[in-house]
Every structure is written in structure tokens, then in C-alpha cells.
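Heads up, there are several structures right after this.
Across the two complexes that follow, chain A remains constant while its partner is chain B and subsequently chain C.
The block that comes next holds the complex of A and B.
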């Protein structure tokens, strides 16, 4: 019992360090985005949303990759641990994928003049979002247990393997219906200033830290739930 | 290997027999496909829009909607009288059950599609006879992808409380590449292009078919459990 307690204390120590680091990184990000980095010449203020947009996209993609890995490991090892990781990561991924889909149009309206273009990258992000929303719905609709874990693992694997195929299909789909070519999406290609690259990197780092922080919290909540269920069951049978 | 093929054949034959007896699934799929084409015709003005532009999309929407109907039916039917339990108890490999169901789904869908084509030709006034062979090939390739993934997800969704809702929600985003590819190829065929110019789409859809066949074979043991 004491070993378990020690382990828990160690866990919470790591959690505090991670928490502190994330707060620091985000303060640095906010400073860099709003004070340090100069305003972009052509796009103006709205361009600053990129420093949230790209890291969110990176984070959601990373999260879905973790879902894929955990799903494979779950089907292989059949340990509840991996199921928890897959679920937590999918939830975080969907949240940040939604942020991508929200910040995108906010930027696109003043720059492209429309909220939405059926561009390859936009389309594939939307489809990706739908896949993982379905994944979460599947989890909500089935009772806790091995069945839910197995089924969602199958979707987690199928969804991620589909990403490259979806990517190519929407890419070719667009090339057959050419629309006015915009300035390279997200304003990347134009050759960014060093300070901008720097800000983006800080932001990417901060978001990555945030992922691990959120993941740690979410996994802990899920484990607590399991523990409570366990205690409830013990009580129920002992009476 | 021979025994394995015989097992698959038995499952397909069982599905065909039960369909011949009840005649439930096939008629509803066909009528549903006709109805969805009809609804699209009401919602677009064919005297303004070129039928060749919208036709392929409508055709595939009809295929996919009525295909979903068939997929939903395929495993719920097995659940009803504990047939799935019986099949799982019988000494056959789980992949044989999957292949049997997948091929019978594909069979029903293909027959329905072949019957829908003349309806489509008449309603949209497009000429499909000159490209019939290539068109059938494209439709078949797309249908394989749809059934490969659809059967896997249908076996999965049949155990959920909300199976009729969850199947399309899970299936549609995942089959986007097949839909995009098939609609694209169909509309280019109708515009008079040769199938030989579309090798990369054929490659993409074949790739989808193979990848998800592999995924299904590897994961079906985990779905059909207990």
C-alpha cells in the first residue's frame, strides 16, 4: 500500500513540474505573439491567429497518432491502461481539431474573403474531425468494458490508416476543380521572418506541453473513476 | 483452403436463401435508391443544370444510402434469433464469417446497382451504354471498398444500442475517399474520358480496398467475440 502511495506522490510531483512548465511556456507564447512578434505587413493583425492555428493542428494530429498507437497496443496487450490513453487522447484531439476549424475561418474571412473554401487541407481536417467525433460517440453509446474498448480501438486504427488515403483523395479532387489560387495557406510559403518562426516554435512547444498536461489529468480522472467503481463493487458485494 | 472457401460459400448461400425466401432486403434497397434519386431530381432543376455534372453524384448518393440500408440489415438479421451466436459457435474461422457476410453484401449491392443504372439513364437522360463496361468496373471497385469497410463496421455497430444511427456516422467519414474517387471517375467516364486516363484514382480506391480488407481481417477476431 505504501508503495502505491509513494508512486502517487511522485506522479503528482511530476504533474506540478509539468504544470509549471506549461504555464511558463504559455506566458512566453502570449508575450511573443502579442508583444514580441511584428505585425505581418499584408495580412495585418489577423495573421497572429496562425500562432494558435498551426500548433492546434499539430497537437490534434499528434493526439490522433497516439490514439492509433494506443489502439494497436490495446488490441495486442488487452490492458485497460491503453484504452484510457486512447480515449483521453481522442478527446484532446477533437477539442484542438475543433479549435483548428474555428480559428481557420476567422482568419480566412478577412484574407480570402470567404469563411470556407473546399481546399484539400480544409476538407481533410473536417473529415478527420468527423471521424474522431464518431469515435467519441461510439464510446459514449456503449457501456464501459472490454467491448467498448475493442470497438473503439478498431475505429482508432481504421481512422488513422485512412488519413493518407483521404489526404490524396481530397488533394486530387481539388486539382480537378481548380478554384482561385490563394496565397499559400496559413501564409507559410511567403518566407517567414525569423521572429515569426521563433514565435511559432515557442507556441508549438507550449501546445505540446499542454497536451501532456491535459493527457495526464484526463488519464488520472479516468483511473479515479475506475477506482471508484471498484470500491463501489466491493462495498456492494461485501454487504 | 478448400474447406475455408466452402465455409465462405455456405454463409453466402445462407444469406441468398434467406433473402430469396423473405425478399425483404432487396426490394427495400431498390425502392430506397429510386426514392433518393427522385428526391434529388426534385431538388435540382435539370433544365438548368447539366445532367452529366450532377448525375454521378446523385447516383453514388443513392448507392451509398441504400447500401447502408443493406449493411444495417445484414448483421441485425443475424442478431435477431441468435444466429450470429450460432455462427460463432460453429467451427469456422471468424474471417470466414466476415468474408461470407462481406461477399453477400457486395452481391446484393451489385445487383441493386445494376438495376438502378437503367433507371438513372432514363431519369437523367444520359448515355451510359457506350461506357457501360468501364462504368461497371468503376462501380464495382467502389462497391468493394464500401462493403469491405461497411461489413466490418456493421458487425461492430450491430452490438450497440443505437445501431441504425451509429453505422452511417462511423461509416460515412471513413468512406470519403471511395465516394470522392468513384464520383470523380463516373463523371469523367460520362464526359467521354477513357478509363485508362484515371489510373491514379483506380490505384487509390484499390489501395483503400486492400488496406481495409487487411484491417478487417486483423481486427474481426476482436469484434466477433464471446
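The block that comes next holds the complex of A and C.
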């Protein structure tokens, strides 16, 4: 069996295992959210949105961190592989940042009485989303090549610098958005009940697995595009 | 809208978002795989001539 074929079979096995684990983790998440965890006293049923809202935020921040890391590695090594990782991760990050910006207002309306306030946390998150939408638009509008990869890498790195601002915004400024409950000066998850921490951890795990699953699919798409371009180029020059 | 309505809406958006994105990735993957196979077949036919 050729090495390429063996590699493809291994990839497919890993992919199926990842699919299975992700489906299991999401089943556990749904069970934990709707059956296991008790209803929060102050906010009621709607507080359960948190178990989607925070993991979506975590996934988007993690995705943008991978964009940041891959962009640095691209600028350093100039290898297309890193550009592919950055591009793929940016798209996933934008999808989940969109979910944060949708679930947040749905949660806010019954609690704050309004869908949106221009406070530091919400505004900086919207700015983050806009930066990476611009990143994707830049890639769509310009021709493939090292110039596009270089400019994208610079945006990918600069955009990530907004994430610490988002994280600390609730501590630096007075905001409508509540302060962190998971990572607190009193300890991990000190501001929450144990069952809530457990549910959030299960959901965070499921979303993290989903990231790797989506990333595998997205990277494969980019690699196939490259392969098609390569074949077309070779054929063009051989004629 | 009651609390249950907001919870349902948030759930619906999250699941719809995830599913639509997965389906779009799968469709893009399939289309490219077809293109790639077609291209390889064409090349093989050309080289046989």
C-alpha cells in the first residue's frame, strides 16, 4: 500500500473517532443542560443559554489564537501550511463569534430588558468579529499568493490583540456584562455551583472537540483546492 | 416572549448555526473531491492517448 493511501486511511479513521467523540460529548452536553443542572434562582430558565454562550466564546477565542499562532509561523517560515491553518481557523472563529453575538442579546433581553448596550465587553466583541470578517473578505477579494498570505497574517496577528481587551474589559470598565465567574481571584469556578461548573466543563469539552472536527474538514478543503490548482498549473505549463 | 421562548431561540440559533456550517463544509468538500477526480481522470485519458 502506498504511503499516501495509508495516510488517507489513518486520517479517515481519526475523523470517524472524532465524529463519534463529538456526538457523544454533545449528547452529554444536552443532557447536562436540560436534565442535570438545576435552574438558577435569580435568572431562571434563560440562564441555561450560558452553557452555549460561554463555550461559543471560548471556541472563537481559541480559533483566533490559532490564527494568531499560525500567522506568526507563516511570517517566520513562509510555508503555505501555516497560511491554510490560519485561514481555516479564522472562518471557524467567525462562525462561533457570530453565535456569541446572537446568543448574548437573546440572553440579555429578559435579564437586562434590552437586546444590546454599547458597553466595553459587547462593543469589543463586535469589533473582534468585524476584524475577522475583514480578514476573510480580504482573502476572498485578493488573488492567492504570498502577498495575500502576508497581509492576512498581519491582520490575523493584530486582530488577536483585541482578545485580552475583551477579557479584561469587565474588570477595567463598568459594564452591563457580568464579571468572569469561572476564572476568579477566589479560584476556578468559585462564583458558581459545582453542577453548573460541571455542565459548563462538559459543554466546553464538546465545543473544543467540534473545533478540531471542523478544522480537519476546513483544512482538507484548502488542501484539495491547492492540489487542483497545482494540477491545472502543471497541465498548463506542460502544454 | 417568555423565558422558555428565549431559551428555545438561543438553542435553535446555536444548533442551526453549527449544522449549516457542517453541511456547507461537507458540500464544499464533496464538490472539490469530484473536481479533483474528474481532473485526474482527464489527465489519465490524455496521457493514454
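In the analysis below, the second predicted complex is superposed on the first by the 203 of 239 C-alpha atoms of A that agree within 3 Å, B and C clash if a C-alpha of one lies under 4 Å from a C-alpha of the other, contacts with A are read in each partner's own complex, and residues count from 1 in each chain.
Methods note: a contact is a pair of C-beta atoms (placed from the backbone, for glycine too) under 8 Å apart; a residue touches a chain by one contact, two chains touch by 3 or more.
The structure presented is a predicted model; accordingly, all values stated were derived computationally and were not measured.
With both structures placed on the common chain, the touch criterion links A:17 to neither chain B nor chain C. Touch criterion not met for A:197: it reaches neither chain B nor chain C.
Contacts of A:144 after superposition: neither chain B nor chain C is touched. In the superposed model, A:162 lies in contact with chain B only, and not with chain C. Put simply, chain A uses no single residue to touch chain B in one complex and chain C in the other.
Interface residues of chain C facing chain A in the complex, by the touch rule stated above, are 1, 3-4, 6-7, 9-11, 13-14, 17-18, 21-22, 25-26, 28-29, 32-33, 35-36, 39-40, 43. Those residues of chain A that touch chain B in the shared complex are 75, 127, 130-131, 134, 137-138, 141-142, 147, 150-151, 153-155, 157-159, 161-162, 165-166, 168-170, 172-173, 176. Contacts from chain A toward chain C in the complex involve residues 44-46, 48-49, 52-53, 56, 95, 98-99, 102-103, 106-107, 109-110, 210, 214, 217-218, 220-221, 224-225, 227-228, 231-232, 235. By the touch criterion given at the top, residues 149, 152, 156, 159-162, 166, 169-170, 172-174, 176-177, 180-181, 184, 200-201, 204, 207-208, 211-212, 215, 219, 222-223, 225 of chain B touch chain A in their complex.
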